[in-house]
Structures are given as C-alpha cells and as structure tokens.
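First comes the structure, then the notes that go with it.
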C-alpha cells in the first residue's frame, strides 16, 4: 500500500497549474469565487468552457476519439484538484457528464456527429427534463406526453427542476409515449435541438438563496423531430438508467469539498469566536471541525478507492454510497461555513453575488458565499434521487449480497 | 406550578392570530417583504389598534403586562407567521429596555412614541461575528468636556434603516457598560443598509467620533440593563423559533399527507413518517422548554444559563425541524415560493443572533458543572 | 406562568426526606447505589418495598381505597425526587405500575381481593409474560397457547423477556386461546398465582452487562385455573392495551435521569480530561455536557407539562413522545457516564456489583456502574414497544390531527 | 497509489481467516473467555505455526514484514473474530516496540521469546482515565547509585496478568521519557487483576519503589519510541474496530433478512433498511480511512493527526454501527448469547484505550487549522 506518485504526474501537475494560472479572465475568476452551487454562473463558466476547449481540456473524462484528453484517472484527479485550488468555476455537468456520455453510448452516428462537438466546445448547454410536479422520486410516473405524428412527436405537459433551462439552447428529456404497459415502459428519451420551439415556455424559479437556478418548462403541442430519439420508443427508462449511472459517479467530488474545507480553515484563523479569540483556537470549534475534517478525509479515501478500482469501490452500492457521502458532506460544510460567518451570513446579497456587479460584499467573499452555499446545498440531498431513495437502493444491495 | 396562559392572554393571542391569519398570510407577507419599505404601515397600525404595541410593557409605564409569558405569546405568533415588521427591535428590545430605565425623561419620551406607533427604535448592540457575551462589547463611549464621543461598529441592527432612534450599547473608559440613545442622522453615523435573508431591513452602523449631548447617556453601569436586553432577546427569539417550528411541522404533516409518489402519500413511507415523528419530538421539547423558562422567569428564578439553554434548544431543534421540512417538501422546499424555506432562513438568522447554540450549550455545560452540588434550584419544586 | 410551590409541599418534602434518610438498611442503600437498570437488585428492593409499605408509602399512585397514599401529582413528584436524590432502589414496576392498576381496572372482585394486597405489600413479585421468540414488536402473532379444559387452561409454549422470572412468584401473561379470528382476537390475559406449576421451566438469560435480568419461561402442558383470567376469553388484546397505557406513562421518570446527571456532574470535577485538567473544565466536554443537560431540562419541562395537565402533555402522541425522550436520554446519559469513567469503565465487575459481595470496586461507585448502566440502557429503546414502533405510532397521531 | 494487499498478504489473510473460522467461532471463543486461563495455548501455538507471531516484524529482526498493511490485515481479522488472545499486547505493542530498540541485548532476547511463543509481554502505559497524550505520563523513573527506582500506576495493562515481562513507559527526572523492561515478580510490583468487558485479562499495576537494574532501561529519550507504540496501537485498534464493524454489518444484514415480524422480514421495514444503509456507510468510511492511512504510513507520510483521525473514525463510526446492530437484533442483541453485543463491548473498550474519539477529533481539528495554508500534503497526489 502506498500513495506515491510518479515524477511524470508531478510534472503534469505543474503544467496544469501553469495553464490554470494564466488562462482564466478576471470575470471567470470572479465567477469561480462566487460559485455557490454545482452550477457556476452561466455566462462565465461557458466562457471558461470554451477556453478549456481551445486548450483541448474541456472533457478530461471523454475518450480521445470524441475529443477527450486521454488522461489517466490520476491525471484527472490532479486536474480537478488544481482547478478547485484556484476557485475556478467547474464546467457544467449536464453536457459533459450526463448527456454527452449517453450519446456516445447509445446515440446514433448522426446524433454523435451533430451533438458531441457542441457539448465538447461549450457552444451548447443542455438542460435536463426529467422531473415533473407529480413525478420526482417516483420518476416512472411521469406524464408529459409525446404523441407520434409522422416524423415528429407532439409534446404536451410540463417539466420541472430543469436546471438553467432559461439559459439552455438544448434539452434532453423523458416523455411518455405509451400508457399501456407498466409505468416504466412507455417512456421515451428525446434530445431537443432547440429550446425555442413554438409552444415551449420556460419559467425561472427563484431558489432559497434568491438566485435562479431551476426552471419549469411548459409544453403546449410542441412538435419536435423523431430524429432526436435515443434508443427505441418506449425504451427510454433503460436509456435514462444508463444516464443516471453517469450522473451518480464518474467525477471526483472530493477536490471541491476539500477546497471548501480549506477556505473554512483559512477563515477561522481570523473569525472571532463567541468565546473570545479566534475560532481556530476555540477548543469546541476545533473538535467540531475535526469531526467534519475526519468525515472529509474518509470520503477522500473512499473516492481514492473508487479511483484505483479497489474492491471497496466496486461494491454494487457504490453510486448510492458516493451520492450520500458527498451530499451530506456538502451540507455539513455549508452549515460549518455559515457558523463561521456568524452574523455576516445574515445579509441577503444577491446583487453582490452577481458576477461583474461591481458591488462590494458586506464582509468578504467567504461571508458572501456562506449562506447561498448552505441554502443551495439543501437541494443536494433531494436531487438525483433523494438520499432516502439512495438509502433504499443501498439497503437492497446489502440483501442481495 | 402553572404553564398556561391566562384567559386575557388567550384572548389577545386569538385576536392577534386572527389578525395575522387575515392580513399576514404567506402571499401578503411576501408582498410586504418585496415592497420598497419592506414593512407595512397598515399592519403596524393594526398592531397598535389591537394594543400589541403596549402589550409587552408593565402597567407602570402605560403598558398592559410585560410578563415573560406575554413575550412568549407575542413572539410565537410572530415566528409562526414570519412577521417582518420591526416589532422585535422597536418594541421588544428597544422599548422594553427603555421601560426599565429609571428617571430619564428622554427615554420615557421615546418609549411613549414607540408605544404610540409614531416612532421606531432599533437596538445597536451586536458586534463582529456576534456578541453573545456582553463583556466583549468594544464600542467606546468617551465622556468629553461638553458631552460624549462615540466610536465603534454595530452589526445587524434590525430595523436600523428606519429607526428614529438607536439604542446603543457601549463601553466607558473605566470598563463599565453604558446604554445611550443616538439620533441616526447625526454626523459620524454611517449606515450600510441591507435586507436580511429572512426578509428584514437591517444595517451595519459605524460610529465615527459621533458627538453626543450628555443626556444621550441614559444609563451608565448598565451591565445588568444590557444583560436584561439580551435576556429579552433570547426569550423572544426562542419563542419566535418555536412559532416557526409549529408552522414547519404543520406544513410538513400537511404536505406529506397529500403529496403522492409511487401512488401513495409520502407520509406512508416510514422514512418520512419517522422524520415527522422526530420533528414532533423536537417541537415538543422546544415548546416545553419555552413555557418552563417563562415560568422560571415569572417566579423570579431564571438564571443566565436558563436563557442560554432555551436559546440553544430553540436554535438547534429549530434548525433540525426546518431542514427536515425542506427535505420532506423536496424540490419545492428549496424554492422561494413556499413558506418552509423562509422559516428555515428565519431560524438560521435567529441562530446567528445573540450567540449560536454551541456558545450557549457550552455555557450551560460549564454552569451546570459548577452548580451541580449546590443546585437544589434544579429540583424545581423545592421552592 | 410560574413554578412556585406551597409551604405545605415544602413541609412534605422535609417529611419525606427525613423518613428516607432513616428507614433504609445499609444493604438497601448499597442496592440503590448499585442499581444500573429500571430493575433494582431483587432481594433488597423487595425488602425496601416492604419497609415503604409499613409506612404506607409503597404505592403513591394508587387510589387510597387500595392502599395508595392519596398524594397529589406534585407530592408524588417530590417523593420521586427525594427518593432518587438518596440513590435508593426504585420499587419494581411490574406489580405497582403494571398489573396492579390493571387488576383494579379490569379484575374481578375476587382477583382484587386476592392479588392487590400482595402487590402493595411487596410480598409478591409478578413477572410479565408477553413476548415470545417470534412475537416481539409483532406481539399479536404470539403463539403460546392455552386450551380450555374444564375449569383450567392447559398452556404450551414459551415466553421470553420475562423480567426477573427466576425471582418471581407470580406471572401475568398473554396466551393464544383461538386461532380462528384475526391475530389480535384469540388472545387471552391470564394471571398465574404460582411460578412453580408442574411443566413450567424458567431459564435465566445473561445480559450484556453480565447480570441476569431477563428470562425465558417454557410451558409444557401447564394446567392453570381459569379463575386467573382477566377480561373475557379471546379479549386479552384489549386488556393488554389497557396495561400498555400504564406501562408507558404515569410515573415521573425525570428524577431518575436528573440523579444520573447529577452524579455525572459531580464526577467530572475530579475526572481527568484527556486534554489535561479535569473534565469539568474541558470546553469540549462542557459543550457536550451542555447539550445533554439541555435535553434533560427539555424533558423535565415536558414531564411537568404532563404533570400539570398542560395541553402539550395531553397530545395523543404523549405516550410515544415520553417513551422516546426518556429512553434516548437514558442512553445518552449512559454513554456520557462511560465517557467520563474512561478506562475505568473497561473492567468487568459483576462480582463487585453484587450487593453485599464485600468486594471493593476498581475505581469508585461511579466507575463501577458506568458500563453496566450503559449496556443495560441499550434495551430501553427495544422494550415496551421499540422506539421504531413508537415513531410509527407518533407519526400516526400527526396525520390524525 | 495502491490500497490493496499483496498476493502474499492475501494468502496469509486467507489462511488466518480459515484458522479462525475453524477454531475460533463464537462458541469456541466464549469457551476460551470463560476458561480459567482466559486464553488458549492451543490457539497461540496455531498462531505461531502459521507465522502470525513473526508476521508483524521486519525481516531485520527475524520477522516476515511488519508493514502497516500487515498490522491492518492481522488486526482486522482479530476484530472480526473477537480474538481475546494476547496478540495485541504481546506481539503488536510490546514486540514491535522491542523490535525498534537498537542494540539492547535484553530487548532483543525478549523479542525472540515473544516471537517463538515461549513468553508473553505486556505494555504498561496508560494511566489515570486514559493517557492519549504521552506528555502526560506521570510514572517516575529515578536513576540511583546502583540502578533505577520506579514509582507509579499503570491502568488497563492488557495481558498484564500473564506477562513474563512488562514494557513500562515512565518519565525521568529531567522530563524525558523512558522505556524499560520490568519483571512483574519484582518486589514492589502490585497487580490488581481483572477481566475486561470484552473478555480479556488485564491488570492495573502499581509500582512502589521498584528497584531495577540499570539495564532495565532499554531506551531513554524515548518520546518518539513511545509515540511509535501509540501509533501502532492506534492503527491496530482501529483495524480491529473495522474488523468488528464488518462482523456487525454482516450479522445484522443476515438477521434482518431472516427475522420476521408482522409476517415479513424486518429488513423490509424502511427504518431497518435505512439503519442498515447507514451501517454500510459507516463501515465503508472507516475501512477506506484505514487503508488510506496504512498507505500514508507506508509512503512515510503519516503524521500524528492521521492516526488520530483514523482512531476517531473507527471509534465513532464503530460505536454507531454496534449500537445499531444491537437495536436491529432487538432483545436478543442485549444478551450475552449472540456476538453483536460482544463486538459492541470490544468497540467500547477500543474507544476508551489510547484516547477517545473526542480527544482525537479535537486534535485533528486543531492541527488541520494550523496546517491549512501550509499543507499541500493533503493533496495526496502532489508527492
């Protein structure tokens, strides 16, 4: 057992670092520092996406044939670490981590040709149309319908939690094409090449943090081409399950969490404790911090097991274990940041949080982002399969064993 | 031993509850929050007409009561309905502090105006990341030949934006604490105004060589007076949190009983049912502690640790309930569009003000250890 | 609102205190200090029971006509406080709190005449025969059968978790008298006036703490008189539910918990902290202690609400709320005591724990009792309806409201 | 980056696992615990024959390896099977400490005997309520004209009852720490023998003016040497806890899948299913941390805080798993008759030894704050 790395990897780390030091614009840096969600500020992160693309680094996890980097898992991990260390905005996951890999795996050659380049380059942003007001955890009960009409489907219904749909130019979605079989059958997976089809209306939803991240999308007789279908008609459930696999694993999450922790550990050296002195020297705070640090190291260790194909990481419960651990840590770190910010977390600073607003925050960047991060993180135990569902799934893998 | 409200209190409570039900439902509240003033003159007049602006004061100063249970009653409803009107800063904190000042004409004059609803006050007290411990107040008040000189910074002055008068806590050169009244329009008073996450208007206020007349000092040797304000704040904020908890529990039971997934109400899933049970447990603990503490206060037997204990339970259990409520509500709970998230934010703000739970719990633990042998008081019936 | 008490109650407290100071023997005192369970050492607690009976104080909660004290709830609470303050062994609950009130409520005149005096006086100890190996939380699936034969029932089967059955001279139990109706129907409630019927075998079970508290009882054609039946044949479920009501509420539990806390708070003034100094001065310990102290005060407050018939206490969820709160606190206090005892909790000291063994403990009484109390407390979230069941019941009361 | 065992290690592990499966099932273990010796000579010979008494030592002293991962491998199985043989005190703690002593004939002689199985050693180290911090060692060693004088008290000396030699930690008059070998039959050595809650034999040992020959002192300036022992103990105890967690999880999954209530296996109740899921989460966290820490050690990059972090996670998560296992097993889990309660007691003993979780977590927190800016090491790949 060891954690040693080769000289090549150290050289690679330097190379990555040098580029990441030089390439981002001021706005991109600001957007990174103001990222309080999985989803970074849209305009700047897409700009950054295009810069990384120009360097050939926009899709570290993609195969080389589709424009990926051909990096090893260690290299990808190093890239993520260096990226986070500089507080750069993380590229949006929908294209690169979700629909992109799905198209590679299950799409037609035409779909690959047409859509992968735009995902790779950052020209396109894809929103995800899965959930509906009455189909959240119980996704299989979705009702938004697509009726076959010649070469088209005609869509009627509604989607919700379509992240950044108001910024998106494309959408992947699940629709009901049959009500005859059991619920999971009768679902079809569609790629929409536009968001401005007649009859489509996007309604932004304001979140607890005062920011718009989620949307509703309404469909009123929206006619879309069948050529956007992935897989067979009524077979969308198995397509979506394939995608969930991508959504729930794959990328290293611990570098983001580690970065959050580092920011907290830096802040407490000057943040006053209610008991006097600074929090860094407050024994109670030290213990509480130690507990979360320990949980974080455990998760980092677990992610390394996954990364190195250790048997612990290939457990069938891995996706659920990973999702629960990473989201609970996100929430713990959010709560910790709010605790450190104290009163300074109480002002609502939506304007100062807006990139290029030119508005100085009350307090510093740490205080500014504390509450939005905490509030946004409440959603992490809800989306992508609630943590209750994940525990159900995890328990099932135990009994199968 | 009696933990119930009097008949008069129940009547007041019912009336206020009806008023808020009619004029302060969630949509109306959101309209007020998003209005330019961020509060409603109309609601304030209704409060006045109902006697709410007089309710938490003793009869000696023209009030209707002012017992601990009055604060509890009023603040629980404020919390339940997410009321953003400046009742806490102007009436409960500034007003009650003024009511305790003896023989200062200026103080009594302002108190009268606050009770009439013709003026608003605000308490400028917290500093840094939060001043749970009054011995840490750093704002300086220096007597000069012709008056006083004030220097310092106060944070999260609720209602500070609108206040006609500021009640400021500060430290004199000899180390004693002082309470003073400051006109916010004076030269040297700098205000950074903002809204809070829980929909209130507030300000960070900087005092830079602010020159005050001698009678601005309404109380020197004010340690106990300021501790009393902090105790009022802890009681009122805790009661607000308990009110918010009631609303969160009700909303969650309601939502879980009607929201269907997999063909059944989500309350039929044991994970949700147990979460609701835990919320109920937390609520019952917090509310019992609230009434118990109010009874201790009214019997004259409350010590600082009792207030700390209440605040810690309200904050800690409140946050647990609120986070559970958001989780039960799923995606919709993470939006601005339903009340649960706003209750969560209110509880987070309460947690941040006047010391977080961890601070108060440590104080409770430390004082319980030093008191363990000598403390027959804890056996409450041994009066 | 107030917490003031009358002069009469203060006088009462003094009267109680004086008696409790004088009446117990040394062995009873030792047994009290060595009580690490709801169930105090048998021989000594029964001796104490008889002393209290002679004073007329064995059944504070019983009506005067059956030998109760006629005390108000406040007086009973004061009695409990004074009793716990002196570390006296609490009287066993089975007779006084469980089957006694049940016999008063549902027993025949003959049963009352025959059994209540022995319960009151401490002459009899009743074990409870409810659970079976395959009927725990799912009590209604019990199988131990009683077949009617003339004036007798003939019992076959098995009971488990029959507390102190090896010391008992009587038993109340549930048996199956019919398999025809739904499970709850067909159960009958029986009083057994002996534990030495031919065919009855008691097997003691060693607990995690090394002590025998629980037993199994086997029945092989045990013939008992029908005169022991309470309620109608096949109507035992409703009888038992009535009893559960007594089991889950009624007595003040917080004085016991407060006493445990006081002992901890005294111990930490000399217990060394791993960080140096004593635990009482360790900020981390102070915070952790403060949290449990706060929980305890909340429970004390809640119990006072129940006591004074405050609306909070008359909530239909009260029995479950009370059971969950009191048992979780018991477990928290047990864990805290073990933490304070540190290494001193690790020796197994069953012999020193035995009353009148004459064996000095390793460490002091606090260290001696820490681990047994912790281990015994594990059962509190299991017995009398697991805390999972209690949460189910509690949730149901919410939806009904 | 590699967190796997070598092929040789896997073979050893399989062999040891088979041995314990055949000769150390729960009933056999209980027989050994209740035997008068409280351990099994036969099992010890089997350990020796399999090479287990040599396994955790470097080849330089005649061992087979002695890497961190060897300790992990061995101790995980000891924990899983609730092994009460004095492997930890004699081999892992005393033996490995002796193996690190340079050029002391007595030490090497004893080490040989320990490895041969012809003698047993015990570590007399902990004091008071637990000595997590070696700077708090109070046992005194005073050099005299003709040798040394030892005074002090050691607690929970595992295997002390049976030990042929005691490895004692003490403090010299100049404040430096020392390691010495003490014959337990010497005058002035007082032993209070007992069994532990987790079925081991142990002693509290009092040294009263014990006169020792000069060569009893095997190392002065032993701060680092003693810290190494503590680190070995933290690693081995944590691995044992992780092994116990595996057994607890397996037993609980098995029990919940077969035990029926209300006509269905209790695992079909979501409350039980989620409890099992939480147990699995805890186990995966603890075990990942264990392997990760072993890899850090073998790369020469482990710091004290890494050991503390591991011990804290093993103790904290271990206790959570064990308490859950008892709860899932219901009444039967609270008896002496099934293994889960014994695993719980083992984890509680581990938690008490060499510092409880709270102690270690505070250390982790404190060191992480002071290291935050300067610590690229945490980015483990930046070698």
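Labels for the chains are A, B, C and D, by order of writing; each one numbers its residues from 1.
Rule of thumb we're sticking to: a contact is a pair of C-beta atoms (placed from the backbone, for glycine too) under 8 Å apart; a residue touches a chain by one contact, two chains touch by 3 or more.
Values in this document were obtained by computation on a predicted structure and should not be read as measured data.
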Name the pair in B-C, C-D or A-D that forms the same interface as A-B; by residue number, over half of the contact pairs must coincide. C-D
Tally the contacting C-beta pairs at the C-D interface and at the A-D interface, and name the larger one. A-D
I'd like to verify one number: the distance from the centre of chain C to the centre of chain D, where each centre is the average of its C-alpha atoms, in whole angstrom. 38
Give, as an integer number of Å, the spacing between the C-alpha centres of chain C and chain A. 52
Give, as an integer number of Å, the spacing between the C-alpha centres of chain C and chain B. 42
Quick check on chain B: which residues sit in contact with 2+ other chains? 269-271, 274, 358, 362
Multi-partner residues in chain C (2 or more other chains touched) are 275, 283-288, 388, 391
Under the stated contact criterion, what part of chain D meets chain A in this complex? 1-5, 67-69, 249, 253, 257, 267, 270, 273-274, 276-278, 280-281, 284-289, 291-296, 298-299, 301, 309, 312-313, 316, 358, 360-366, 368-370, 372-373, 378-383
Under the stated contact criterion, what part of chain A meets chain D in this complex? 1-5, 9-10, 13, 74, 77-78, 81, 85, 258, 262, 265-266, 268-269, 280, 283, 285-291, 293-295, 297-302, 304-305, 307-308, 310-312, 315, 317, 320-321, 324-325, 388, 390-392, 394-396, 398-399, 401
The residues of chain C that touch chain A in their complex are 275, 282-284, 286-287
Quick one: which bits of chain D touch chain C in the complex? Just the residue numbers, please. 126, 128-133, 136, 155-156, 192, 194-198, 202, 204, 260-263, 269, 271-272, 323, 326-327, 330-331, 333-337, 341, 344-345, 348-349, 352-353, 355-356, 358-359, 362
Per the contact definition, I'd like the list of chain C residues that touch chain D in the complex. 131, 134, 136-138, 141, 160-161, 205-208, 210, 214, 271-272, 274-276, 284-285, 288, 338-339, 341-349, 362, 371, 374-375, 378-379, 381-383, 386, 388, 391
